């Protein structure tokens, strides 16, 4: 109802295809960015960083990645956990092999490595579709986890197979390791998220994004009108894996600091990220954010309510948390199968059409 | 670039030159084409038009030639005006939708040598009549689609001509100077444009207007509403209509504002919203249909939203107009209006693309007072205007702060009014046309020796100096007691009620006024549904007592209104009936343009009319009808006739 | 025969047995997918829930005792009875039927005509919910399930096969778990019962009709909702059988729900809609992974079973995308 | 502290939850749910109940009440971090995460935050080196000790000669399970036995191939590093293939009642290591029954008292309480903070007299912690399952491990870590 | 590739094509050609193999026997998307639009064959990718203008009525600037008025873009009106080939349409 699009007209295609064509949206976006970069860092403490913000930022990156593959290109993947692991182990190997390499580059390179691995596991998608593919991607999940667990080279022969992040810094601020301050870690991850979200947006609105969506909506027709299915699917796998790899690298190096592959990158991660994009909304960048926020915040919120406020035993709280999260997922799917993004779109449409009902 | 001194700004091309100088980098024109608003600055516009003009010159257009413009609101068609005028040629815009026969008449009558068409469709139309248009030499077109394989000997694309023009300008630097000199040499008294009246009666007449006519009218119009180069308007009305010509061409050049051309007919609502014009002009039907859309869409709203809309619209009805007029309202209402503005009026204006409207006009025919008030109460400064092609539009207009729904305002700047004995309105102004082309007889009968022009409309001027238009002068009749009987006026008043579809009023040479009413099926059936009234057919609904009650209230309201106006009080409706069937063009009761054929109806429903005047309370009637599949049948009913109360002027005042 | 051959045979036999266990879980998936096109991820959790309920009923546990105690400060845990296995099983069947009806009422009904992926997600949500619900209801500690199934190596078989080995070689006889054998029998019985049911009962025929063509089924007046309830009931019972089998082996606890993951490659291989496919797929996976672990596993560090089944299924799919028993896909435009 | 953070801290002070300064806070990062919940529950109960006992019976530690903040981790590292961050503002004295994964996670964090962490019998073995790991303690024994104890036990059974013996290690294929491999490899080199590694993937529901392999290769001994359902399945399978249970030795995390009961009578004879006593035949259990269980203050149902994992949790709590008392003594204040607690842990001495006074005579080994050695002497004992009685029995005393082998490994690993993470070694007197 | 082919010269030749699916014969020994610039109709009763023929032409089906010659070259096992790049575009019998995308995006997807910005450039958007996008958008806008679908430019295609969807699909095919445009029953399910519109568009496409058109259509009246030559298939075999006039008088064709028993 507060949208005023009258008089907001476009004289060039560049204006017409920008990300936020509505003036008010554009301003909202600038404000959110300003708050995230200039205000939040001053109010954030260790708890908020570790329990809420970092998981949110990192999962949002992973969700963006999976959304590109599943939401935009229509290839359901349950291998996210495995690709996160590739990102994590790649960053560990790169960091320890090249101690002087800038951490920012390390994270990007981890993404590149993961992209390569992702493409490899994307090859079957040329023949396999739908659920069959979803289950097939589990092969990546299990095999990769097994590989990192089994081959000592990946964890530098440490006794336990755990990897621990060495301290790395940028501009004199520690980014990784125990001495990294909350705001710094937050800003580091935020920068990646904003950057990658921007990239995701660019890719999805251009030729590549359209070819992904074409494959998703009707693969045969897409091929017949000239979309190369091999290139489209593999590029989706590559880009998706790049994102997830970056998320994995951040997950390990900035967020947790030490991981054990089977536990940190298990199948539950794959499901979690898939939940995020379904609840958030398939084929929507905003949805990736919303889904990640939802699934990071709801458990924390429930826990705080039940344990800290109501003083319930922790196990009952967890059981109820499971029920609530599961119930919410079902409820969401019933109420709005296309996720939070669709709710947002509908709300926005409502406001755009206000006062008209349709 | 050479700018002409102010004093010699007496033709439109000269204004173009001035604007390209003064407003060089401001947007002059936009056209939603290929998905975005392609824009031209004044400097670019000047260049385009000059190239076009030179191109026209190359194919032989010269002073005095007539160039027809056939098509909708496209920039290049607008440019044709200036490009032709710069060469002294006379543009003749033609209604693009008019039937071939009519178009042929105009093209032939105007002796056009050149015709500019929008697209293949128009080209085909014009080419189909070339045999009967010996004067026609060249055809130009804007959109090339489908024309690739046409014979291009006499067919030119405007863009191609512009290219040729540009090339010529490069090749011959003197050409530009000569061109400017040609413009300088022209003067305000020359024939500027010929606009053909739509000709509801008889053949269209070519109204010759001079630069002085249009320029002064435009300048006066600008001054009246303080319009300047900051305005943006959307051009969507027929080019051949004088309203569009003045708004999208005359005022555009004189004020130097920006004209935006919509993408297509279907996208006009979106395009208007995108542009959000600051100055808007539309005939009442546009406002009516917009309001209908709003109402229909709001009917589907949920409970909360619907209630909110109703509540705030009631607030707006109560105080919206007052606030717009700057009158004082109580603080609570003011506050409510503010809230309403946030939740309803603002968004609504936004949806209509009227958020930025400084002034909007409705003209052409009478607008329903409810419709008029609706827009004003939303905070849109909508005004009424009374004008004619022969006057270069402006005769009267409502000044800010003096807006009354039932008047058409005070005389515009430099306009004098005169009321003839029979109530016909005459005017005299600088905008008065030069004459009808090749029709001196008509010119003489319309324009008097001393410059007064007959409008053909009957009206009166009230105490505040506002003009009221009642009806076409020739349609106004008299009751037997001598009082005035304006049937259209009465019919329109009734038709403004949504539940009334059609009205036929009788009274000329009779004792009193009566009406036959057609209910509006959509509106009344909705109402019936809400009130749990069961009915099986139109006939049953029309004769339902509750419907009669409702119509009775409406008629009563009209009678009260009429009684307030001394000259109309005698025409109050004494008796009315609700017709048992819808008046239908298939049965010959309406014209194909949905106008009532009064005499035919009077004959067909003679028993009913007798009933209206012989005092009976009901009448049986049986009529033959044509069904949709062409079969014929009988439809019969006993129609109830009701008596109304008549108010005396004093009586009402006492009761009030 | 040389011991190596015998070992290999042993591995294959055990693989077959393991495969039967996988197939038991896969069966539940197939039933539901066939009838409603839903890929029911919650099948594993259903097995866990059924097993938990069975143990709980058998041991007279008070449902939600933790919650009740936490809220009311009471100390109730047991009703103090011990029910015979068969009674507990019957009661569990009743619970699973109630569960099926609730799922249809509360979830499926509202998701008619949604895309398969949405339905799949809904079952994952359901799985989450049931995990929490089951734990809340019966507690998350390990429970021993004992419905009287035999356990341990079959000594008779061991004795019998001892003499197969070539003279002078070291051989201990062939090993097969009795529980596995029972499981195989149960699975066989289940398949027979299910086929009889679908062949010879009206409901069964209706189920097949729905599986073949939803529209056609609807047009002959079969209520889709009723069919859904019935399939979920049957799937619930199948889940219970799987839960009992697996629970007898490793105790009833959280990890039981993860057996669903074992069933997925089986499904790929066998096809989502084929009951024989589920069985044969299970057997192939069981034998394949055991053989691989036995022969290749030691060379690459072992613990290959988690991924081998998937990789096997993946390779298989690349050559036959429609699965073992699926129809060849002719793409049309 | 970076300038950015200073501003941040100034701004957030008002937002941060205020710590309850009055109580001594002992966070319990427990897991009562998930795949390992069944094992986490008794430990968490024991841990909490002992603090309750100290509060109820003694009026707290040195007069200050102890407060246990329980936070559910579900054995999940991410939740572990969240729990750590959410409790570290409460002025906690010591963390006991009961998860090797979470331990690795927290080692750098606790060191940076100056909070001690106790990883009793799990975690990073080389944390025993107190000079490198200033804030991490893993007394009284660690995995490598455990590996050594097991081999020592086998040596004992075979009169010191296990050349050509075939020993298989069935392990949880994770950080935790892989810990003993290095030690065992070294030990096999030393004693000449052949080590076969048999990994089992999480969760360990299905171990048929592993046990077929064992049945075929017939190792003389099977060692097991398992956790959760893996233990039960392994023992069940061992029973099924008729493996001699006396030769099947589990680490202390594979030696609870939960693990053996499902296999029934045939599990009789199964052995497991331990570093504390079994059963509830100690005076302290009477106190717990009186002050905690009967008073309705038990953390769980009360039915776990005396089980292996309950006892372990209680033992861990006892060590924490004693370290706190030591710290109070050193710093002369009852209201100690984390740094002081660390000093207390570093100076902890558990002798027979002290345990006697606690009603826990002989419940655990005697040991002392010092600056260099954060792991104690590494004493461990062997327990064996008596299926008939349905209880565990200690079958050995608390005996030392082979430090000759272990110490160099610890030094190597810890020094490598110190180098990689650029840690300044703690000065030890 | 096609630029060398003069209008009226042979653009595509089908030579002795036979196609079967698991023993079921869809096409048997069919040969015909399509000349540059003509409207060539493929007609026949249901199941005659018309759609299969189109699928062979654009490489979706690979015939077991026979050859396809395009632009004077024999085709060897090319993939459909490669054939699209050679200038063959098509529409589908059952609308195969990308339901999740807007009209504009659908038609833009048709431009894929004319876009080449690399992934990195697309990722950062500014520069090559944006320029390319804008350039092609402009072309697509011309098609939108041509098909008079401006008002639905940003509407998701799923929400459009059938007739408009057909038009958008035509737009998507046109966006590829095809040399040869295959239309698979473009007027199925349309009313008379919509059919007239569509016929006009098809003829306009032919004259405006010089596109060669192969069309499958059931409405005989329309087909005879707009096509230059026709091929008639029945049970996978060619039974007629020629101008509308010739076909009208072809006994085999008349029999097939009247349902005279086979063989």
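We call the chains A, B, C, D and E, going by the order they appear; numbering starts again at 1 in every chain.
As a working rule, contacts are C-beta pairs under 8 Å (C-beta built on N, C-alpha and C of every residue); 3 or more make two chains touch, one makes a residue touch a chain.
In this text, all values refer to a predicted model and were calculated from it rather than measured experimentally.
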Per mean C-alpha coordinates, the chain lying farthest from chain E is D
Identifier of the chain whose CA centre is least distant from the whole-structure CA centre:
A
Most distant chain from chain C, judged by the mean position of its C-alpha atoms
B
Contact-pair count is greater, between B-E and A-B, for A-B
Between chain C and chain D, what is the gap in Å from one C-alpha centre to the other?
36
Distance in whole angstrom between the CA centres of chain C and chain E is 50
List the centre-to-centre spacing of chain A and chain C in whole Å, with centres computed as mean CA coordinates.
33
Within chain B, the set of residues that touch 2 or more other chains is 35
Mind pulling the residue numbers of chain D that touch at least two other chains?
32-34, 37, 41, 173, 201
Would you please write down the residue numbers of chain C that are in contact with two or more other chains?
135, 140, 301, 303, 306, 331, 333
Contacts from chain D onto chain A in the complex sit at residues 1-2, 4-5, 7-9, 11-12, 15-16, 30, 32-34, 37, 41, 70-72, 74-78, 81-82, 84-86, 88-89, 100-101, 104-105, 107-109, 111-113, 124-126, 173-176, 178-179, 181-182, 201-202, 409, 413, 417, 420-422
Sites on chain A touched by chain B in the complex
1-13, 15-16, 353-358
Residues of chain B defined as touching chain A within the complex
30, 35-39, 273-276, 294, 297-298, 300-302, 305, 308-309, 342-344, 346-351, 353-356
Chain D partner contacts - residues on chain C that touch it in the complex
7, 10-11, 14, 17-18, 73, 75, 77, 135, 140-142, 144, 151-153, 172, 175, 177, 246, 249-251, 253-256, 258-259, 262, 289-290, 293-294, 297-298, 301-303, 305-306
What part of chain E is in contact with chain B in the complex they form?
104, 137-138, 141-142, 144-146, 148, 150-151, 153, 204, 207-208
